[in-house]
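Sending over a structure as structure tokens; questions will come in a sec.
Chains here go by letter, A, B, C, D, E and F, matching the order in which they are written, and residues are numbered from 1 within each.
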């Protein structure tokens, strides 16, 4: 079995459970998904300041889970702490944002990232630029706080569907990336209504991480991500 | 079981067998890999003209294998016919080049693509630019024809290792993408000697394709890749 | 006399005649334009799959016309088979898309490419990106199939003019590139109505190709486009 | 008087004093510079993991200094925590990296960033890409740890001068950005020896920050950097 | 005292006085600002042709003011003659456009440049591209001639505010750059109404230029901007 | 007959004659080439300051030649005054730099621009970036002043050939652009020795300009290049 630890960087255990269950449901049979989150930190990551605090929790969880993990997936759009986690983890680390963006490239010429709330558009844009994908997608936002996701996301179906429709009509979007963890409830109904691929980055990340493990690939220690000893 | 058809666009059955076996060896247990190649076409793809002819063979094989396939991987660096295959296939299609490049991004800040022969550097560069990854990698070439791979690639170990070392020293490469199908023999020894990740795009493509299947994702039919009826 | 062979990659002889006559009409007096098309292939090129098949026809025609040709122009927006043709031809090859884009850059700061049908926007975008011109233009599409051009294009005047007006109003377009062969009928009336330059890529390509011949320039054989012997 | 707080994100008080004194020495007479650093954290920032921890210290210091500060300068190459600090601070925040890069653009067509140690090249590259300056500079590294700076930087003069000379000879560099805080000792001797501008980002940041204060400009609260209440 | 000469490239002395007074008002106490303009040339710079003529006047004024100047600011959006002035001046030269763009980057994730009249959008775009900032801003124009600014700019408040509001709503702009000299009247009221930073490039340029002087930085003479002897 | 006026922006009549004769020699039979230069101005254009002065001469010559000209070619690498000339001329204007770069793209995947002297590398880079061609070429320089060209350029053959060979070996160059007017003497011998295309931008510009005339295309007056009345 390939053991994937999904790290939700905020402190909501309910959200962690939702995320984990959704990712497990669409993963390969030989993959087990364990979700964790920090007990101290921020209830949601909707700003750079919250991201700063949440990243410390990500590092702590990486270190706590080393013996039980074959690969990590960071389940926060914006890929909180992914670079640092690569230095600390002894196995591969995949961000849900990079996983979602790469996946969308394989099923569509252009796509839209729908994130929430609007102030996090810059966080998505940073990962998009790091991967060089500005020419393949646009980013829009639905104006609800992440806290709205704690009991599931199906009440957001109309808002996300409308945002996707607008991007399909005006920006040539041919697929949708859900720009937040905890939105997996939307994959099936949005796919059905819009008839285009809808990507949940956590599920995508788990699949990709399992593939890295199968190939025996780990983060390069050559320079940028050489191992770091923290105090 | 997830049934992946790996299409080798050239006519060498021996190369197809090598490619397929190597990809199966590092894939998940619930994935079966079947390799095919055209019986008519070109013995190797080392130019745009050969690519043009080989792409027709790819389309024919996609159509011939529809009933037995859950996802296709195109096993030629340069991703011969991938866009056209997406229009014709009823399931997802992944190119070994895009798979390799995406994988390398997840394990290294910068990497080198080592292709062969030199005239195909432009083919790699086209896929790199399509994915927006010029800022993450360089492309170099080893000056041997693809025909040299028919009996395996281990005799090329020194040439590829030397090219990788040069890129690590001068371009900041921290991982290696093998820029040709049929080079999987090099993964283990190069990883050992260089101590950095070495990516075989066929293996990477099989894992990613299986992930798409697990998530139920298929190519968007919204516009660019809408289904095409060929004569 | 400079002998230009214009290759229409689809099988419509009527379209070939229209294209050829229009290009001849605006070319220098010492240039003769001969139009050809494959007898077997696809009736129009509106997808990557059709492009794949049409490209084989382009290569066949290049080889058939070598003795009678000083330069080739490929008359299909998306530049079907241009790279491969450069390897096979013994003289220069110019794509109508690259010719049109380069020409528009010389007469306007920004311009719009109006292609047809919408699914080929990605084909135009690929050439634009290969030439690095994303910052100089946008691409829009008129939703008619290429088959509509067989009897001429003047019935499309309103649709193209409206698309151009929209791009002039919202994207700063100052010139128009007609994004399909067979639209030369639109050059004069659109220029008159819009009062901006309207570029037909086939005419532009013939002029540029003749210039290459006059200067004695041929495709570089140094590496990427070294001559290829096909089976 | 304009009160600038310079935040050194690592825990070295000696380095803080060096940095502060150097910046004060070349600043306008109506500017006072106060240097601070976290008492808990990391002794130097040479990795993403250390950056993660140091960023929390930056936020704490921003909050502690609000009443006594008109603008902040973050004195760590890579601009540790700058985005988060903008959300928390009630006044402008300038990173030494962005300040140095912008300054170099005003005095040279191309320049070189010389950072240390090599694994932080990726940190510089991230800021360069965020500002869009890949076409104006290259990044190289001197292989010494930041700890070597604690007693001053003059012993590094030869290594930095040699790196600058190489970039001037091969990459067209016409100016030098010192890619680490604590290198101000090198400005005068390198300028003299190389006869090109040498930029210390802390000094540049203090001047730019004072200018923002004089113009009454503060971080936009419109969206991305709207104020955040931390727990 | 740091002596800054602000060069207005057009022949309007009234505009020079307005520009100079506004810049002095928000500059550091140890900076004196002297405004000058050519007596022969063009009354406004709204085209490349006028820019060509105005640039000669800029060079003449640089030479005339050498003994009395510590740094120059060129007060015309588009940075008329800045590169040439760097070769001729014996001290630093800052363009108001580059100063404004760099300043906006420090207070907002994205911003809008509002220039006038529309035909000068290309002039702004050229400087934006030279600085690599296409991903951080958009350019729009208000359709009034520069001559309208001679008696002050407050009558343009509504037009500029409306343009800014549109960019904030549709392009994610979080700050405003005033894309013309002589618009400083708009800074206070637009800031108040829109509640985002509004940047006057002349004021920004004076502050930045004073910072260069304080640091002892001058234009690199290494290659591109080596001193030139004009006839 | 199509009447092309070639404008040499410097004051050397000998250079004008050389340039004109070379361009006429490789142009179509129905094209006449007339060379002109300013009588007052700078003897060579090797800096931005000289470019500023030379551009005024270009505008004067455009106006003087309106009645006798069907299209202009500006014969100075860096395309001195081309944008302004487009506003003033009543017919098309082509810069030798843009013509050379576009031509090289049609005959090679990558190429090298060899300019002179080194300080003008930035001038070439500006045009390359304006056309978006950074990914297709590199720029190098031979260290001789433009004055060395007055008696012909054949004594520079070795220096240019060596620079081309280096770029072919290390940067993948497959063609050469001669980065200065007056180098046409080098086209034949360099082509012969290097066996790759060698492009003279003046010849290329004349051919392209004649093509614009044949198609009836003129500069768009829609916005950026609307006609300007100079004093």
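Here is the rule we use: a contact is a pair of C-beta atoms (placed from the backbone, for glycine too) under 8 Å apart; a residue touches a chain by one contact, two chains touch by 3 or more.
Just so it is clear, the model here is predicted, and its values are computed rather than measured.
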- Query: If you take the chains that touch chain A and keep only those that also touch chain F, what is left?
  - Reply: B, C, D, E
- Note on the structure: By Cα centroid distance, the chain farthest from chain B is E
- Item | Cα superposition angle of chain B on its copy chain E, in degrees to the nearest 5 | 180
- Item | chain A-chain B separation of Cα centroids, rounded to whole Å | 26
- Item | Between chain F and chain E, distance of the C-alpha-averaged centres to the nearest whole Å | 31
- Note on the structure: Between chain D and chain F, the Cα-mean centres are separated in Å by 43
- Residue ranges of chain D touching at least 2 other chains are 109-110, 121-122, 129, 134-135, 172, 223-225
- Query: Looking at which chains touch, is this a line, ring, star, complete or other?
  - Reply: other
- Query: Tell me, which pairs of chains are in touch?
  - Reply: A-B, A-C, A-D, A-E, B-C, B-D, B-F, C-E, C-F, D-E, D-F, E-F
- Item | Contacting residues of chain C [partner chain B, same complex] | 42, 47-53, 55-56, 59, 81, 83-84, 86-88, 118-119, 121-122, 126, 129-130, 223-226, 228, 230-231
- Contact set on chain F toward chain B in their complex: 109-110, 135, 172
- chain C partner contacts - residues on chain F that touch it in the complex: 2, 26-31, 92, 94, 98, 102-103, 105-110, 131-136, 168, 172-175, 191, 195-197, 199-200, 203-204, 207-208, 210-212, 214-225
- Message: Residue numbers of chain B touching chain F in their complex, please.
- Response: 121-122, 125, 129, 134
